[in-house]
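Below are structures written as structure tokens.
Both complexes below contain chain A, partnered by chain B and then by chain C.
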Partner chain A sequence: MVVSSRTSRFIAYAAMVSAALLQPLALFAQDPDPLSRLDPNTRFTVEVIIDSARVAGVPTRPLLLKALEGSAKHADNRHIVAAVRSVFHAELDVRVALGSALDESEWTSAVSALQSGVPLEVLSKFRGDHAGKPLTRALVVMTDLIQRGVPMTEASSAIMQLWQRGAADGDFYGLWKNVEQDILSGQNPGTALQQRIREYPGRLTPGSKIPPASQEPDNSSS
Partner chain B sequence: MTEQDPYVEWIAREAKRPVAVDPMAVERVMARVRLESVPRPRWSGWRWLTEPRALPLSPMLGSALAAGLIGIGVLFGHMLNDRGGQYPTGGSTLAVPQPPLASHDTIIKFVLVAPHAATVSVVGDFNDWDAQASPMKRTPTGGTWSVAIPLRPGRHVYAFVVNGANGSTQWVADPTAPLAPEDGLGAPNSVVLVGGSAS
Partner chain C sequence: MTEPKAAIAALTLVLLAPQGALAQIASKLEAGSITTQQEGEVPSSVFSVAPGIRVDLPYFALAAHGSAWLTGQQWQIADGTLSGTLLTPTFNHLRGEVIGNASRAFFDQSLANDQLDAQARLHVLLSQNGGFWVGGGVARPWRIAVVSAVDVTGGGAWKRVGDATLSGTYTNFFFTKVAATRDSSGTTQSCAARSEPLTITSSNGASLTSSSAAGSNDCRRQSRFSDLEGSVNWAYGWLELTGQAGYRFGDSYDVTPDSRRWAAGTAVLWITDRVAAVMGGGRVPTNPSRGLPARNYANFGLMLSYSSIPRTTVPVAPMTLAAVKYFEVRSLATGTQKITVRVGGVETVEVMGDFSDWTPLVLMRRGRDMWDITLPVTAGVHEINLRLDGGPWLAPPGLPTRRDSFSGDVGLLVVP
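== the complex of A and B ==
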């Protein structure tokens, strides 16, 4: 085979041009920088908060996801930064209340509980060895009940006592499902919880903060 | 000088005698030679690759070649990093880690009834809140939209993006799932707990 030096030169030039052209295309395809969706000033502020979280030893991924959520919802920059900062501060509070030995789901569910209005001292009651206890489920149900209008003190007291008495994952889910259905059918949220929590006999202490129910429990939808 | 052997003298005479050759013989021989294929040197490609040669390059083209090679290396490094799903360990590198699908992932089917929607998608922390990532499909019977997504064990936050035929877009929480608290971003979210370590 006879290859002239001119052919060799052509092949070398073609390889160089191909590499130069393919490089930016490949970078676009990978989208390695999701924060590029933010405007530069917002991005800078979010990055500072994330760096602070990294130094503080609290999870950074929830902060990044909160910024992406704000961008996806077309929230204005001020609200995006405020939301990210709120999660960061809540993470610091969670660490005070529950310590650092949490998985990511426990971190985020505890942050949500604080953001829904659960006081730090109430959250700290969940601290300790919770192996085998459904901490994430308990916090998610408590947060949802508060979001649906159940008074915070009633929701936190009921969930706390269920959790301390060793309620199973299915107990929390069942309670949530039944209270939700009662609320959707028009019942007062607080009343719905009072009635449904009685379906777990022996799990509440006599000194429960749950006020006595005004009606007999309705078991038809359980 | 010695006396020559008569036999040797005969051989010498015969060797010096002109030989009568057919004038077309040369042509025939050459024609036959031309028909034979030229033996190709073995390993010519290898020799072409290894044979030293001068390759004239201008400074600009040389720089472009170097930049291209560096770029290929950087891309290869990015690809390896992304596949490993590693969290950023320092600085301000903020690539979202995408944990690889594992055997303990659970397929979660998201369903929404939206009969008047033109398109619906589910967005959440599992797809980096990308409204294009998980479009839902309308069931043949009508207004129910669904999509199945493999999720890691744990707590996931999500919402539905409902696009109307008139171009309007609305974020909707899942009416059948627990609510996440309002966080000032203007639209409610839902929570799904996937088994496994979702304590």
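== the complex of A and C ==
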């Protein structure tokens, strides 16, 4: 077959364009030894914690990622080890509060909630059959609201009731978005949540006492 | 080499080598055709080459542009403008702006014009996505023999909707015009009632009476008209489209039929992160303050943009999240996520997160202030950080956040 010079140039250009387009995906080839970014002593300590997690039956990847995050942010070795250990302890607490039947996202969001100051007993109220309920989104929004200054009791009360009464993923996101905007506009965080939660009539009473999950009416059919 | 050719060559060299400058620079070199309907005042159709350069500092911008026309076999410099803009920091949603321009039109001795103009504006920012402004100023033509100083007042509003920015302006022009006794539609007008002796200073400084300057049929007239103009700018990735249309209110004496309404469009196609093709065309109305007639135009050009900013020499404030106008994560059909950031005035934008094993990834610049990257990110909750120009790692705007155990925050990205 005779290939003209124009055709061969076209093929060469097409190959170069394809290579350029595929380049970003190549960035994600897994590093075979990601912990090599740590100094030997820190690496050893982190590996011990990861082994402990493996024995305890809690996820190990969040521990590895926390170490890599600390390394990328140029944290000192002491802080990296402390952060990894903190995640490990939080995972043990999450298992006590919610059990082990969690997916990776639920583990991550539950650990975030605990580390943001949500008490174990509040987190444990999310335990039970949460199939079809957006546990991840609920915990992510609660974590953010607490970090933005909403009092922990108000945030956890509102989010948990919203979750127990069958709020959808979009409800949590909408609530968070509105409260965030109000806070950025200068409103008191607690007030912002109380006002915005009223936009969910029949579902919530801000600041009301959280009933035990077992006494909650089943609104899934309504 | 003739003088215009030498000037064009020198300008081109300057525009093609903006590297190493001390501020952010955008330079443009456009070529195209211009046609007018007013025979005798300017060439009816010319080929135009228009270079321009703009230098941006945080609170000051300087711009220069000009054009050269090919008429017959001869190049001739047509006009040139030097502009400066001074901006105040935003305080309580308010921002002040002072704009000054100096321009000279060379292309026709009968329309030769030097002009200085200044405007002040007060901007009110209602949010990151909208605002309005009011302002006023004066334009002072020096050699033009048909209008006095032009008072300009007006206001405008803008609103960002998705990837588009909508804006509308209303501008009043008020000036004294040395008018012919025929209006723009050719109807004979009587100026006896409003005629009065007029003294005009010519380009060589001599004082002329109205009869000797513009003929015995001329008279002096207070003129005013208003322009209502709307525009849409849509920028997405490597493409920017701008369309604008306007209508001029005023009586037939002040508004010529060819300037009653106008429309124009421009497309900017970013070929690389620093080079763009610019093409456009349309119609512009008369500009009485500069003595420019209405004209149709079509052009095509190249824009070279954004030399690097040496942070050690330019007093640029540290970039913060406030500089990020837009952050979006969009799922693509391929199972990947496209992260798009709109932020101007930076040289690098990076993200990292658990999805990259906390390895920083550099976003590609797409156009003036758009950056993006496409990543394979699985469904679930992911931690993500954003960094501008090598500064601190920040939680991207528009995402829930949490503390990161290292004295900072991370964004929590939930991929459904």
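Just so it is clear, the second predicted complex is superposed on the first by the 174 of 222 C-alpha atoms of A that agree within 3 Å, B and C clash if a C-alpha of one lies under 4 Å from a C-alpha of the other, contacts with A are read in each partner's own complex, and residues count from 1 in each chain.
Keep in mind that, in the parts below, contacts are C-beta pairs under 8 Å (C-beta built on N, C-alpha and C of every residue); 3 or more make two chains touch, one makes a residue touch a chain.
Everything quoted here is computed from the prediction, not taken from an experiment.
Judged by the touch definition given at the top, the superposed model places A:W176 against both chain B and chain C. When both complexes are overlaid on chain A, the residue A:D51 reaches chain B alone and has no touch with chain C. Contact with both chain B and chain C is seen for A:V140 once the two complexes are overlaid on the shared chain.
Considering which of chain B and chain C touches more of chain A, the answer is B.
Once the two complexes are overlaid on the shared chain, A:P34 sits against chain B and chain C alike.
Of the two partner chains, both chain B and chain C are touched by A:S105. When the two complexes are laid over each other on chain A, chain A has residues 27, 30, 34, 65-66, 68-73, 75, 79, 82-83, 86-87, 103-105, 108-109, 112, 115-116, 136-137, 140-141, 143-144, 147-148, 176 in contact with both chain B and chain C.
Interface residues of chain A facing chain C in the complex, by the touch rule stated above, are 24-25, 27-28, 30-31, 34, 65-66, 68-73, 75, 79, 82-83, 86-87, 103-105, 108-109, 112, 115-116, 136-137, 140-141, 143-144, 147-148, 169, 176.
Contact residues on chain A toward chain B in their complex (touch as defined above): 1, 3, 5, 8-9, 12-13, 15-17, 19-20, 23, 26-27, 30, 32-35, 47, 50-51, 54, 60-61, 64-66, 68-73, 75, 79-80, 82-83, 86-87, 103-106, 108-109, 112, 115-116, 130, 133-137, 140-141, 143-144, 146-148, 176. The touching residues of chain B, when paired with chain A in their complex, are 40, 44-45, 48, 53-57, 61, 64-65, 67-69, 71-72, 75, 78-79, 82, 87-88, 90, 92, 94-97, 123, 125, 128-131, 154-155, 157, 171, 178-187, 189, 191, 193, 197-199. Those residues of chain C lying in contact with chain A across their complex are 352, 354, 356-361, 373-376, 379-381, 383, 393, 400-406, 408-410, 412, 414, 416.
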